[in-house]
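Shared between the two complexes below is chain A, which has chain B as its partner in the first and chain C in the second.
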Partner chain A sequence: MELTEQQIQRYSRHIILEQVGGTGQEKLLSSKVLIVGAGGLGAPAALYLAAAGVGTIGIIDADKVDLTNLQRQIIHHTGDVGVEKVASAEAKMRAINPDVKVKTYHQRAKADNIREVIRGYDFVIDGTDNFPAKFLVNDACYFEKIAFSHAGILRFDGQLITVLPGQTTCYRCIFHAPPPADAVPSCSQAGVLGVLAGVVGSLQATEAIKYLLGIGDLLTGTLLTYNALTMEFRKVRLKRNPECRLCGENPQITELKDEEQIVCDLKDCKR
Partner chain B sequence: MKLIINGKETDFSDGLTVGELLVEQKVKMPEMVSVELNGQILRRAQFESTALEDNDKVEFLYFMGGGSGIN
Partner chain C sequence: MCKVKQPILRIPESVKKDTFAYRSRVEKFVQGQTSAVAFRAYRVPMGVYEQRAAGKYMVRIRIGAGLVLPYQLERIAQLSKTYGNGIVHVTTRQDIQIHEVNIEDTPDVLEGLLEVGLSPRGGGGNTVRNVTACPRAGVCPKEEFDVSPYALAAAEYLLQFKNSYNLPRKYKIVFSGCSADCAFASVADLGFFAHQKDGVKGFAVYAGGGLGSNPAVGLKIEDFITDNEILEVAEAIKRLFDKYGDRSNKHKARLRYVVARVGTQEFIKLYKIERQEVRNQGLRGDIPKVRAGASKFEVPRSVVDSDNSRSPLRHNVLAEKTEGLFTVMLRLNLGDIPADDLIKTGQTAEKFGQGLVRTSQLQNLLITSVPRQNIEKVRSTLEGLSIDVTGNGRGKIVTCTGAATCKLGLCLSRGLADAISDKLNQSKASRQQGETIIRISGCPNSCGHHYIADIGFQGRAKRVNGRLMPCYDVLAGAQTTERTAHLAERVGSVPAKKIPDLLAEAFAAGAIKKEQLKGLVERYDDFSSPEFPDEYYYDFGATEPFSLAGRGPGECGAGVMDVIKLDVDQAKEAIRAAHKTQAAKDKSESVYEAIIAAARALLVIFGLEPKKDREIFAAFSKHLIEPAWVKPQAQQLLDNAIDWRMGDRNSIDDLLPQVEDLAKRVEELFLSLDANLKFKAKPAAQKANAGVPEDKAQTQKHTVDLRGVACPLNFVKAKIELEKIDAGEILEVLLDDGEPTKNVPESFTHQGQEVIEVKNVGDHFCVKVRRKK
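Coming up: the complex of A and B.
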């Protein structure tokens, strides 16, 4: 791949970096990243990866833009309310960078479709909003052997970890299975500082770019936690769990299944 | 005894179990917490039977959703 004059200008601030250079930029342009969820985490990740010139960006989400999303899901604008999230996200990514090929999947990630969707991508970003989906992404990436970034946010806290399946600590090594539905904070109790999604989603995009370029130290075997009130970042080292039901010594999960859990929808909880 | 919980040193009475520590730390929903003790992730069934010792490093790891829905 040869960079055009336009591209050399567009990506000049990358190319000037010793660790990226023209070769690194070409690598990004030929890379493929899939974002699961066009929500709070997926929004900044999609925008930055598009701006960075990641050649193919896939995005999967079954929802439509809702007014309550706009407080944090910065890829969607006021005029997009009611529009499919993947279509809204695609339009913004294309507007930022016509170099990027965007693939949209207007569907819910489920056990019977996710492996096909993620296959062929170099890296996956988990920007899902519920626990069954997070386990599904973890397990699917394990079976397809695709590196991914897991993240979660709640109120003023966020955390993320990068997983190289079969090599480093996975989500199931830490959290064995989705919590019982009645333990999950109800919609009215939970909330999230909008900008927190931006911080954590941008960190996920950073991990994707580093992975694609093969530079720096990834958050593998390390959960990075962040609290917006104290401004404290902590790295928690987490070893692989030999008892992990997925990647441990005696795996019990040998095929992809949907984990059952009731997911409440913010819209239904407004009182 | 001294425990290091999520990086912070705190004093506790001797012989506390992980389960009791969760209560003492006012963790409202233990189902939403995973516990790492000295670098080892514990099974939930081990919480009540695991006694803590001086200088143990405990990490409470919380389930967090994200993105677009319940959070």
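Coming up: the complex of A and C.
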């Protein structure tokens, strides 16, 4: 592909970078990223990936924009309240960069649909807000062999890890299964600093771009934790778990299933 | 006491009808059924102007003879508060303006005004504008007689006809009560001076005066007419103007251009013919009666002449012709007054004065016929206003609205006015200013009336050390009196930023007369310094360097033309210099200067202001040679010029004939520009086959021509090209001298590529890079 004059100008700051260049930018333009959840984490990730010229961006979410979302889900604006989140996100991505092809999935990611949705993407960003969904994304990416970035946020704390399924530490290597209901408070119970979502979601986008370009060191086998109050970033080395029920030596999980657990009631509270 | 409540200027029935029809026209426009252009042609003659701020409109209300009643002021103020910005503006032609109104609200404003007998009809466009009169008509001790009734009658007569709203250009009529000419009849399209001959009231009449570009003092067309002949004269001049005014060029359309074109004798002859015809046919339409004007307003009785104390307002109190009555002047800063203060001013006039307020040509308000014992009361009520109207350092400066809101403006005239006021107050020079009036226009259109100033300033752009600097021409020595009227003359031009100091020094030294001022200006008139402080390139209150770029076609008219003319004149001057000099080197210098000026002149209409010679030539090639406005041979001339500049050619003095051709062609194109800044001249040749050079560059493998591409985009593009070739191969990059030649090789080196050679190849550079990875 040949960059147009406008693209050369638009992406000039990327192209100047030694590690990107024109070829790198062309790679991004022919890449595909799926974002699961158009919420706090998905919002900044979607905006930055669109701005960066990732050629195809898919986004899946079943919800509509609620007033309580706007404190951190910066892709949605006040006028979008009541609009499907995926539609709102699509409009903003298109507005930032008409180069980008946006695919929307207005549905909840479930065991029976997620594999078809993520199939064909180069990278997945897990921007979900509850434990069962996070395990579902982890497992689905494992079965489809798609690299993904996991992240979670609560109050002032965030964490993320990048997983190359079958090669590096997966979410289930660390956490075997969702915690029991009510063991961990949800965001609406405990609160969350809005900008924390921006920091962590942006870090996820960074991982996606590095993966697509094949540059730098990914957060594989390493959990990055961040505390917004102390401003401390910590890297925790985590080895693959041979006893992982998904990717270990004796795998027990052979197919997807929806696990039971409280759903972060941020979105339930409006009902 | 009887206070007359009927509006002073009576709005003709036809104008009332027009006003009621306005609403549906606006609705159609808002709904998109009328184009902006068509609507504008309708809207402007209704007195509704678009302001520079997008989507905001100004309503200009004619105040006949400058006489307005308190209840009318109250309505204006309310409308300003409800629909506008709450600040009312008094103009130099005695109009009152409401600013920042949304177009949807303008029908409410127009209808609201009509309810109190006011109308903006004819406030703008090519119409009979407000008919003005002495600000103190009827009370001034010097006047021959009260001229306001005649101003009102002339207005009422002309306003009733549809064709008064579609003249070749505007038609301004002024009545002055005596030769002192406070109303500026000497520089009007039609000016009347009151005289009495054997006890009969009458006028001497002048025509074809006007300010703006190519200003002129009026030509005397009648020694004396009796007062009942004024309508005939006004009608005759209107017909003459309609017939002979140049509708095709609005910049040359005013009546004074007719005088200039046909000559004074022929003009008077034409006038006599029209006048005779009007007399033979008789006047049409309703003939308004000449009613008592300002003087019919009774003054407060029981004038007791007891108190002789000197009022703190004394500088603003003027004696009237009736003993014991006084005019109190409210000095406004640049004509602005908050709406609430306007209401209070009306109430004050009602209570302590004649029951009317007057607008003055110096953008002030007057309360007339205040008995001496009421002066103190007026003073205390005026002290309650939110603005200072005593004129402490302000109110003696008249400015146009300036480039901040005016689409034609060059300089920010109001910013200069503020800076002058601050400086004069600071240095206490405001006291020495006395009654000297400073007038500032941001461009040659002269809305600040700088040609009739004691000290006048006309904004202009000057190219200093390759950059545009906001400057002003300084003018002095105007006289506006009957018979001996003459315009101010230019005594020099100075950077805008030096003007406050200049004035402080002038007033301190008492240098207000033209000759003294000239001596002083000469010291400030030095542009030869190789360096000026950076702030000199910023206009007052501006955060961006002074620039004319971005003033699109149609919005800049006069302003842009002025800048082009600068360069055209410079080219001609350089050619003259080249002819005069014998030394080959000096001759080449002049030839080069002429080429640069000629090449740069027209670029501003494309929104370009290149600074470097190479950029100027590149832009000229693209916008004038490629579309064939200029012959292709010009390219050779530009190339030779660059070669000489780079030292690859010993002289270019032999190119003088070609340069003359180029300058001539550029001037031809310049003179053919229409109001939309499009050339009316025919192209010089068949359109050059544009694009061929680029194709060639692309087919030549491993070479990329990035001349004319700025940093860092040149590197971006070079890098993309480098990525296309295999490792070990070499790419040649053609670059402009300067930053690119430094930056691009550096960036490649930083990124681990091998820069083999950076070579000066005449007018540009070639950088060879080997791809390492």
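The criterion applied here is as follows: the second predicted complex is superposed on the first by the 261 of 271 C-alpha atoms of A that agree within 3 Å, B and C clash if a C-alpha of one lies under 4 Å from a C-alpha of the other, contacts with A are read in each partner's own complex, and residues count from 1 in each chain.
To be clear about the criterion, a residue touches a chain if its C-beta (ideal position, glycine included) is under 8 Å from a C-beta of that chain, and two chains touch if they have at least 3 such contacts.
Computed from a prediction, not measured in an experiment: that's the story for all the values here.
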If touched residues of chain A are counted for chain B and for chain C, the larger one: B
Chain B versus chain C as contact partner of A:V200, first or second or both or neither: first
Partner chain(s) touched by A:I8 [first = chain B, second = chain C, both, neither]: second
Touching partner for A:G152 - first (chain B), second (chain C), both, neither: first
First, second, both or neither for A:I16, with chain B first and chain C second: second
Chain B and chain C contact sites that coincide on chain A, given as residue numbers: none
Contacting residues of chain A [partner chain C, same complex]: 3, 8-9, 12, 15-16, 18, 21-23
Contact set on chain A toward chain B in their complex: 37-42, 61, 63, 69, 73, 85, 127-131, 134, 151-155, 157-159, 173-176, 179-180, 183-185, 187, 190-192, 197, 200, 223, 234, 236-239, 241, 243, 263-266
Contact set on chain B toward chain A in their complex: 6-7, 29, 31-32, 34, 36, 39-41, 43-44, 59, 61-71
Sites on chain C touched by chain A in the complex: 712-713, 715-717, 719-720, 723, 747, 750-752
